[in-house]
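Attaching a single structure in structure tokens format; questions to follow.
Per-chain numbering from 1; labels A, B, C and D assigned in written order.
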Amino acid sequence: MDMTLPLLILVLPITMFLILGLCGMKMSHKLAGTLGTIGMGITAILAYTVAFTYFFSGNPDFVTAEGVRQQFEVFNYDWLAFTPTLIVQLGFLLDPISALMLVVITTISFFVHLYSLGYMHGEKGFQRYYAFLSLFTFSMLGLVVATNIFQMYIFWELVGVSSYLLIGFFYTLPSAVAASKKAFIVTRFADLGFLIGILLLSFFTDTFNFVELTSNPGTTISTLSAGGTFMGCSVVTWALCLIFMGGMGKSAMMPLHIWLPDAMEGPTPVSALIHAATMVVAGVYLIARMFPVYCLDEASMDFIVIIGAITAFYAAVVACAQIDIKRVLAFSTISQIAFMMVSIGAARPELHEGLGYMSGMFHLFTHAMFKALLFLGAGALIHAVHSNNYTDMGGLRKYMPITHWTFLIGCLAIAGIPPFSGFFSKDEMLTAMYDNSMFLGVWMTMVAGLTAFYMFRLYYMIFWWEENPHYKDHKPHDSSWTMSLPLIILAVVSCVSGFIPFGHFVTWNGEPYDIHLKMSVAITSIVVAVVAIALATVLYRKKNDVPAKMANSVKWLWTAANRRFYWDEIYMFVTHKIIFNIICKSIAWFDRHIIDGTMDMFAKVTQKVSYAIRGLQSGSIQTYVLWYFAGAILLGLVVWMMVI
Amino acid sequence: MDYSQFLTMGSELMLLVVFLIVFLFDTFGGAKAREYTSPLALICFSVMTVAMWLLPTNGGEAFSGMYYTSGIITVIKTILNLGVILVILQSVKWIDSEEAKIRRGEFYELMMVTLFGMYFMISARHFLLFIIGLECASLPLAAMVAFNKNQYESHEAAVKYIFTAVFSSAILLLGLSFVYALSGTGSLYFSDLATQVASGENSMLLVLAIAFVIAGFGFKLSLVPFHLWTADTYQGAPTSVTAYLSVISKGSASFAFLVVLAQVFGAAYSQVWEWMLYGLIIITITIGNLFAIRQKNMKRFMAFSSVSQAGYIMLGIISANVIGMTSMVFYILVYIFSNLGAFAVISAIENKTGKIGMDDYNGLHKTNPWLSFAMTLAMFSLAGIPPFAGFFSKILIFNGALESGSVALYVLVLIALINTIISLYYYLLVVKAMWISPEEPVVGEFRSSCYERLGMWLCIAGIVGLGIVSWFYTYIYDASMLDATTFFANLI
Amino acid sequence: MILENILIYFVIIPLLMLAGLALCRNMNQIRTVMTVLSTILLGLSVYLCVDFLALRAAGNTDPMLYMASWDWYTPLNIKLALGVDGISVLMIMLSAIIVFAGTFASWKIDPLPKNFFLWFALLSMGVFGFFISIDMFTMFMFYEVALIPMYLLIGVWGTGRKEYSAMKLTLMLMGGSAFLMLGLLGIYWHSAPEGAPLTWNILEIAQNGAIDRSWQMYLFPLTFVGFGVLGAMFPFHTWSPDGHACAPTAVSMLHAGVLMKLGGYGCFRISIFLLPEAANELAWVFIILTGISVVYGAFSACVQTDLKYINAYSSVSHCGMVLFAILMLNTTAMTGAILQMLSHGLMTALFFALIGMIYGRTHTRDIREMGGLMKIMPYLGVCYMIAGFASLGLPGLSGFVAEMTIFFGSFQHTDLFHRAFVIAGTSAIVVTAVYILRVVGKILLGPVQDEHHLQLTDATWYERFSTITLIVCIAGIGCFPNWINETIQQSFAPIIRVIEQAAI
Amino acid sequence: MDLTIMMYLIPSLIMFACGVYGFITRKNLIAILISLELMLNAVDINFVVFNRFLFPGQMEGMFFTMFAIGIAAAETALAIAIIINIFRAVKSVDIREINKMKF
């Protein structure tokens, strides 16, 4: 395959970033926005071309005669040679999941660019915003097409920083600054694990390359096993779990999830792009990328499943008790990503041809669409009522029909109601989980039910419940076409994308297979979803005091859930009280007083001694001579004794 | 008697001639003519220095070996001459002042007599000649110290100087009498004594003798604890005399010290005087530094600085090898330029304003940037900062000390090096006063006399050039190489 | 050809600078002299770099190129021996860049501009001389030449407790060089086998390999501590925070940017190259110390409130990383160390330049008194963020490349001791992020703290010029590291060979 | 009774010690000068005695003594001159008053 197009996919966004970043201040808002959007549009077209070529051209590089999809390195340049064998390369790996991600990222990114034309209209720093979006897109694309784990790490950091910049976009707000800092530091901490994981992995296997690592996973594992064990776990498990730690950070798994809700301080389209659809699934993507290696190590797979399952449930419960609509969506995102994690973690090649892998990626795709839809919808709402809290909303369905309908579609999709896309992917995931273990299946079904409940609670609270009196002064209305169009298109996609025969495109080993609904699971999940929606309908359709009473009856639970089970407080305590106040301050004190004090002490002691012995120079000749004589005699005696 | 042997004493004879010219001019010249005593002395002296350096240095003996000269000895004498020229340059302004001009001639005469004594001290190879040279070098200095007739400090300084000097010569003579007792043959020739020392008898008396001789030299070199007169005398003496004392007297004594230790007591080196010097060096450098950091009077400050510098010079002796000797002579050369650079500034300011406190230097750069510049260079050079000459002399003298490779000397050098940090501290205090102190300048703007400026420029040139131009060191090295066997043959 | 002995020009041009400045009468002349000559230096260093790479590409594999030698102190065999390998070339380039940028950063220095630039030129002469020398004596001489102007530069043109800081800095650094001097003299006296002439030439000493083991064990700590003091090794780093905090902008730039590199450079060029057996044996002691530096500096930086203190502690951490990597004694880690030197040099220079510019406007460096500056001076704000990102290791900027090379290189040691320290070292990247973002958050972002700041203006042309130069270099290394990497690795080959022989 | 060398040396040593003691304890400058003379003379005795007893065939010690006496005289003269100066300045020759410069 010609490398021009793939290269352009990367070059275009970074060029946009540079142009907008360097010359943006000189441009008008309109020009900058248009430029960014068009650039992104072209990138999207290129990405689609590449993805379609990959999936449909039948080129033997991409797919064998038997229909097995291949991994193909379009190009791979040496970037930095640590040792003659351990070389970091920058390249473009085309395989099912990267092609899929190309589509997802460029699509959402384009819609967000378009949407932001309206949403960010007139904001100060509009050009900067577009520059950052381009930077993010570049980094994310670089991440997904990485040919080696180190390239992924590079772009991993870059998306981190783009995310930092975008969360802190409204940099005059202290909350935004704090949130962006938190996001960066938490993910950075996770990346530390990732880095150590890479160190271990690359040291034993002497390669970073994904293809080399995954084409012969057995060898990879056995070379890693040669590293022996440390603290009861094998090096394999250590390496893989540490790498997963990186994923936990980016994908906001417990206990590293705390940054994501706060990240909602950023502009809403950013939340849609980064914190719902693309960046946060990087963790899932990472595991999927390394899946052939992971699936040979039970311990790390179990670790993934456990973390995922706990996170999914936790996030779902917390989502039920949030007031800020973006926070609800954020926790829903955490929960859904955890779903994908569990799905991939539960997948085994021998179980159902690794169904969990396929379904996880499928859900990644559908979730990206409907979650972006929901976020953009939320953005429209916030734009309209100038508040993030649903308590300031209610009854909006009359005022904002487009938003209402698209939002509803999003909710249905996430709740897993057929024929919307979420149903299909979730069903496959649950199937994979039931295959893995009954308990896991039931647990995750319960989470799915909670998902349906809190989404519809949100839906009703926004669009039904009771009309907010403020509307009289300031009538909310649907937004301009730039904002509505993405909503509509994404809604359509959410409706239809479930029917994509995903198993033909993305499977763990490239061999396509048909997917079919497993009726028992499908029916169970539909029933659970419907019951949950019904419950939400009963509770929240009209204003009543039942929810408040319920909340009051288990007040501690409600408060705890509302406060996200005090995770932030714990973190605050550890970082501020312990690390900052105790460790850092004492180190700084130690430095100033002990280390520096010692150095100063040398000086002081010298001065003191100098002062103390000044009597030697008494001014009297007789003392001088006494010293003289004593010195001469002493000199003789001491040396004489030495000689003897 | 063979009169041609006087020809080997060319430098002494020339000095005598210069002395006579100045003496006669001063005695018989009219009051008007005496105004020109200073330029005359300066010119004669310079001519003589150049002549000494240019004339072939055919080494040799005189008075059946009591007097000895060679390349390196001429070199050290020339170096001392350079120092004297610089001292004359900076003293002209003072000696021509109303108060002192009547004794102008005497000053130069006394100076030349002491120099004459130093020449003999360096060249002597017999203790009789040596003692005469030594006393000739130190007694007239007492008169010079007391030169400021109207200042009490000058007298006090002179009292302290003369009494300690006599005491020290008593000690030295006592030591020499022991040596005489040990001589075996009754000869006081260095070479005869060396043979006797090498035979290794009477070690206890020998140790005491060496200790007393070192103590006697300790006075001239101001080694601790024989240094206590130094600060008071330096402070009280006229600045030019202080300058003279601190470099010329010290420089000549160091070389003579090396001659005596290496040539007479060479056989007792590793047993006896290496360890005596070892201890003396450590306390000299340390005590000198510790006292220097508190000083506020520039002359007193320079006194303690010169005490610790003497310790560094001793490193060249303790190494007792050619590189050590070369480095020591080089060190003296550099020390002369650096120290006189500092004294040039001190005396320029004192002559103009009478101020010699370190606080008086605050903000000096605002009014007198060139003086500050010269002083800064001198301080940096004394502290051993490259690219100034002091750095080279210091590192080379350390280098010489390490040749034997004994760990003890490594430790000694380490101690000396640590002391350089303390010394750096107080030298920087002066720099700090001049450049950094925010106070308003005390010393007003003024223009130094042309002699002073010439002196300062020479010093600056020396400070900058002596290290970078390696010719000086190589020249000294070649000269000392030729004489290496005479110096270090007896060494054990 | 006039450029035959190209290296000597790196000393001659600063000398010309001194001479030219001495003749200057007014500010414009001073600026002209400095600009012209520092540009020539920069051009010359670029030429040197290109020419060097061309020679290497043409197959010249000598350990040192452009060798030239003039006798100096013949009795002691001291020579002015010049020669460079890839590392020195890069260091020279770094120095030239920072001298160039520093000139612009001190465009409006006051008072005594002439004296400032005189010392500045002397300092740069020392730095260049150090990097081009392969004779220990001249190397040490230039080393000290570079140190001492710092006293006056900080003392006269500094701010805050400048007298104290300048004195402390000078005395501590000179204290280090006292140990160093003894170590070098010791090396000299053992530089050749019995009977052969002693030498100061590094290459010859390494070839002779005559220093026996027991002496190496004495001399290694002396030289390593000597250079380590300048490399801000714990616990000898305390000159750094105070010194940097009080120094004027260009001096901080040059000091943190280049001078601290002298320490690291000396460590491998002398301590390790000439004393390989002791290096193998004693590395662990210093790994502990430098490992502490890395973490300790980072943690200390977290609680500082003065911008310069933060940066100084971060320098402790980053320079600790340099020495840490050098002690790993393998090609990759040592390459990382050099990259880190370059990277740290550039970004710290940038940091200090920016801090100076911000301080020049706000007249405070206390982060609690600033806020929202991004709004007021976006250009400086953006540059500060870039410097911050470089410092916390953002890919695409130089810090990342360096740190990663260090980590991957260090991790090649298989024992638990080294691994544990590597992992402790990696944790610094998180802490770095914490303090960088803390500062950025406090001073650049958030609401404007002091409304007087609203009147402030953004960067002037010469400030932009100086910062852009540095940023371009930082990004250049960050984006295209491989040629530098290869150059360095190649240059390490002889050193690694010596170490490996010693290890057997 | 034969006079042994020690019979000369011991008095000379005592003389020297007296000189040192006198120097350290006397308050009058002139007295101190006398003490110094004692010390120098003790040394002279040493030389003479050594010459006489150890090297009877030679005269070096004697010559040395002559010169030493000469030098001592010069020293004394100089010291007296300075003492006179001091006396003029402070109207006293008490050594306790001559310690203005110290530390």
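The rule is short, and it goes like this: a contact is a pair of C-beta atoms (placed from the backbone, for glycine too) under 8 Å apart; a residue touches a chain by one contact, two chains touch by 3 or more.
Note that the structure is predicted; figures quoted are calculated from it, not measured.
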Central chain (by mean CA position): C
Remotest chain, chain D as reference, centres from CA atoms: A
Chain centre separation (chain B, chain C; CA means) in Å: 42
Distance from the mean Cα position of chain B to that of chain A, given in whole angstrom: 77
Gap in Å, rounded to a whole number, between the CA centres of chain D and chain A: 96
Chain A-chain C separation of Cα centroids, rounded to whole Å: 37
Where chain B touches two or more other chains at once, by residue number: 159-160, 163, 167, 231-232, 294, 425
Residue list for chain D, restricted to those that touch at least two other chains: 23, 32, 98-103
Contacts with two or more other chains, residues of chain C listed in rising order: 171
Graph class of chain-chain contacts, one of line, ring, star, complete, other: other
Pairs of chains, among all present, that meet the touch criterion: A-B, A-C, A-D, B-C, B-D
Contact set on chain B toward chain D in their complex: 127-128, 131-132, 135, 139, 142-143, 146, 149, 152-153, 155-160, 162-163, 165-167, 169-170, 173-174, 176-178, 180-181, 183, 185-188, 231-232, 235-236, 294, 300
Interfacial residue positions of chain D with respect to chain A in the complex: 20, 23-25, 32, 95-96, 98-103
Residues of chain B defined as touching chain A within the complex: 159-160, 163-164, 167-168, 171, 203-204, 207-208, 210-212, 214-215, 218-219, 224-226, 228-229, 231-232, 271-273, 275-276, 279-280, 287, 290-291, 293-294, 422, 425
Interface residues, chain C side, partner chain B - complex: 71-76, 78, 112, 115, 137, 140-142, 144-145, 148, 151-152, 155-156, 162-163, 166-167, 170-171, 174-175, 178-179, 181-182, 185-186, 188-190, 218
Chain D residues touching chain B - in the complex, by the definition given at the top: 16, 19, 23, 29, 32-33, 36, 39-40, 42-43, 46-47, 50-51, 54-55, 57-58, 60-61, 63-64, 67-68, 71-72, 74-75, 78-79, 81-83, 85-86, 89-90, 98-103
